[in-house]
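First subunit A sits with subunit B, and in the next complex the same chain sits with subunit C.
Right, the complex of A and B next:
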């Protein structure tokens, strides 16, 4: 195979994927989604972990990740109807970090809906965050879809209110992975009661999309890829014909189907996590992992980070991941298989082997 | 099921679109028919050169290419040859910030050197053509370069000028009527494949172990190049050869920094125009702001806004001014731009599309001087002779 032909083939292939993944010229959108006015798109940016050093100094790498996602989302054609910020805007929940993050997000042209992450929450339990972004849980309707935002990263009251001598320590304990002093995330009684009432008003044929920071399914407890009362939330979504959950926190691409509920994760703009060893406690809930996460290239700070835009077509979620210096990926809902599916890595035979040379 | 059908439809149309964007792909031999041969004895520091089997190197073809390369008649006002901007006596550049074409028109980009372009995986700063043959056809019909509206005037010359008729007959065994742009392009490409640079002081030091080849400052500069300067991550040095490029595209904060505010409107308008059939080659060389979209203008990939191809560093001492827009006058300014983390002036805003590899380097002035000294050790033996002749 000649280099010359190779480069042209890659060139064409690359263009094709790229168009599908991160920009859609106007006519092509019409081609794909001409049928109904109910189809629309929104952008999803998550896990920026803005970190204050001192004075006006912030970690440059995390700043650049968020700035890039914001700038790229502003280039989408056609414009997304709104943007979701999926939580963990801050690293240690401080006023400086939240303010700095909010400032960068203010460059987005569409309206932004916010989801609470544990890094935003455990310093002051969301007090300053609420002043900037509004309530911690809420719902809204858009073009025939019912959207719900939950604060899924709360935990037991005893842990939150009675265990830690300072708020700073409480924040630090919850920020750690595999920390024996940590505590599992949960939505909790108050929000579950609210959610029940909120969903009671919605016809069961209406598509429902839930945004949470943690997965509303149990994947790996040690890293809180976990929500303690996930089953109870899933039970409330069960009566709906089309239900989707989109979550951040995991800094990697995951997708899963439990009954009628589709699960999709989003990427972080800050850094990638590797896939944890599958946690065997609840076998039937293990998500189908697609491709092992390659180790990020330490030279390119943005490697294995990204953001996504999401097409809502006929009530189903169709995720387009824009991954810097990597091929874009799309996880769409496969109607015949009734589950989300990666369009680039659909079967084991077509997977790209993980790189081994680093 | 509907989702899958829709997806298949859109992928098909996307591929058709990509084909359209690559332009003259149809006029090329079909993929898979080209095999390659290589030059068995490359210069010190260079890998074997890959030559398409459908365009083998012959002395007569190289000479024909050389003549075509220097013929000023192939332009609307009779003043522009390839060598105007790729001047043999200026390391195959023009030492201008951006190139001067027909009737005093300037383009938007710095003439990249032809030196070692034979090794490039794609051609032009934004990689919009895959090889030398297809690249060589574009400037002829670009309104700000040679300015021909089509190839007819050029073909008339080569089909009637007795010298060309004889040359094409002996090189390709064709009659004058059979001379097409493909033959012209092949001859030019063959000539360009002889414009190579290797065997520099660096090569003798690094690949031959000649410890006297580099000065103390240059040796220190090499360490900066490999280490704290992070240069080698894109300007690659291999174990047995060095082309000083990764053949990738990076946003390093040149050009794009000045138009950051305009990018959203610009990108949208550009995509819409391209979708309606606008010619990318003409758009990016005629409009300064469109030019700064870089690789994005070719691929539509959002993460490639403002990204340009990593150029070789061989003979870099001779190819000032620098960067894709020729905005930096000397190598010292170039190193400082990188040292500042992708801004030319300290304190200027960093552009949000900046490549993840670009960050402040914290080099002191001595290290910067050493690095610049090292870059001057990359001048090849051939070019060094040229420079000596000039002096």
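Right, the complex of A and C next:
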């Protein structure tokens, strides 16, 4: 931890009263309690599912989503400090898909930190991805915040190593979200051990933000909106005063608060997913706090997709969803209620008709 | 059949057992029901296979990518006014819209066995939900 980190801790101890606003575009930032010098922002792009057809052909629709997010993220003023790519860059984990996706992401001017998704992983267990993007789990510190990246989409060894005759089939089985032959995601022993050691070095007053592909909470097992060892990770985050988890995979807006841990999902650039309650046969636990994204209009190719930029103010996460073909949404941390809250639609009465899913 | 019904009427006060071995409308056995259910479920299964088949369209995209378990297809709301088409449309027209657009493929005839199988699958996944034609 650096001196920068100390200055943030001092700031949290001694300040936090002044509401100074933010240097980000004013219409998009609702909450900022920190000194402007302590605020920083980063962009989050996720779930692009770049899909190879053959030769040099890729599914045009998904390409367009990623290209648009990259172009828009590059136009942010001031520039985000870094970009997170939240996983599922590829659809079937092939070199062609990962290379094509990496090429599009190379247009981003800030540094990109990558999170592993199941569509990137199950062909070669992340071997090629590692060559392009680095280790599958790691941590870094930035302006007084401790960031952790986990590979949360691993599963039971028997499923990964013994069940499938080929790697291609293993990838295809995991690629089907609703495939009953799939297997629940988990962080696993190896990474939990590493995480314990990593967090042991961090003062409990330091804000911690964890990036994972799957939700580190249990919402609906049938579509892997789920992490098998979520409770164990939550227990490790519990001692921290301010902990946040940001995850992809679900292709929709979700947010939740469990104890001191805030959860926020991010949108996909590729396509939207139904909320699990839209599956009449499902037993699911969508967080009650969540005001859903608008129902998608399929005739607008990019509707219900998007990307986000995130303002870190006073160690809390404020999510600004940049929604293609739709109004932007902001889910900020409400300090008095101690939970994430949509800044426009907190009450049932204010919700709009397209936010009703059935 | 007509003749049998007339005969049945005249015989109402008598014993129906006389006709027990004849072929009578609206009489079927548990075995018949099982067979018919099996026929339906086979069609559902074919529909599920098409729903997850990269060969249904031309670009490898499958229906299940956007609609896991056929969720957000709402078969119970059709026919309904589809604002994008500017008319009241049945479900199969929307399926064709998806085949042509996200799947970049060819539409199917309304009575194509594949179209029937796709609808059987979608409807089966939505079983238990009340009919609400026209609901948006």
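Definition applied: the second predicted complex is superposed on the first by the 303 of 358 C-alpha atoms of A that agree within 3 Å, B and C clash if a C-alpha of one lies under 4 Å from a C-alpha of the other, contacts with A are read in each partner's own complex, and residues count from 1 in each chain.
Rule of thumb we're sticking to: a residue touches a chain if its C-beta (ideal position, glycine included) is under 8 Å from a C-beta of that chain, and two chains touch if they have at least 3 such contacts.
Being a predicted model, the structure only gives us computed values, none of them experimental.
Trainee: When the two structures are laid over each other on chain A, which of subunit B and subunit C touches more residues of subunit A?
Mentor: B
Trainee: Pick one for A:299: touches subunit B only (first), subunit C only (second), both, or neither.
Mentor: In the superposition, A:299 contacts both subunit B and subunit C.
Trainee: Applying the document's definition of touch, where does A:169 land relative to subunit B and subunit C: first, second, both, or neither?
Mentor: neither
Trainee: Name the contact category of A:205: first (subunit B only), second (subunit C only), both, or neither.
Mentor: Touch status of A:205: no partner.
Trainee: Looking at subunit A, which of its residues have contacts with both subunit B and subunit C?
Mentor: Common interface on subunit A, subunit B vs subunit C: 60-61, 299, 301.
Trainee: Taking the touch rule as given, give the residues of subunit A at its contact with subunit C in the complex, in rising order.
Mentor: Residue list for subunit A touching subunit C: 49, 51-53, 57, 59-61, 176-179, 222-223, 271-274, 276, 278-282, 295-299, 301, 357-358.
Trainee: For subunit A, which residues are in contact with subunit B within the complex?
Mentor: Touch list, subunit A to subunit B: 1-5, 7-9, 11-12, 14-16, 18-20, 22-23, 25-28, 31-33, 60-61, 64, 67-68, 70-72, 74-77, 109, 299-303, 313-314, 316, 318, 322-325, 328, 332-336, 343.
Trainee: If you look only at subunit B, which of its residues touch subunit A in the complex?
Mentor: Residues 1-4, 6-7, 9-11, 13-15, 17-19, 21-22, 25, 28, 31-32, 34-36, 50, 52, 121-122, 127, 130-131, 230, 233, 263-264, 267-268, 271-272, 274-275, 298-303, 305, 341, 350, 352-357, 359-360.
Trainee: Note which residues of subunit C are touching subunit A in the complex, please.
Mentor: So the residues of subunit C touching subunit A come out as 52, 59-61, 64-69, 71-72, 74, 84, 97-98, 101-102, 104, 125-129.
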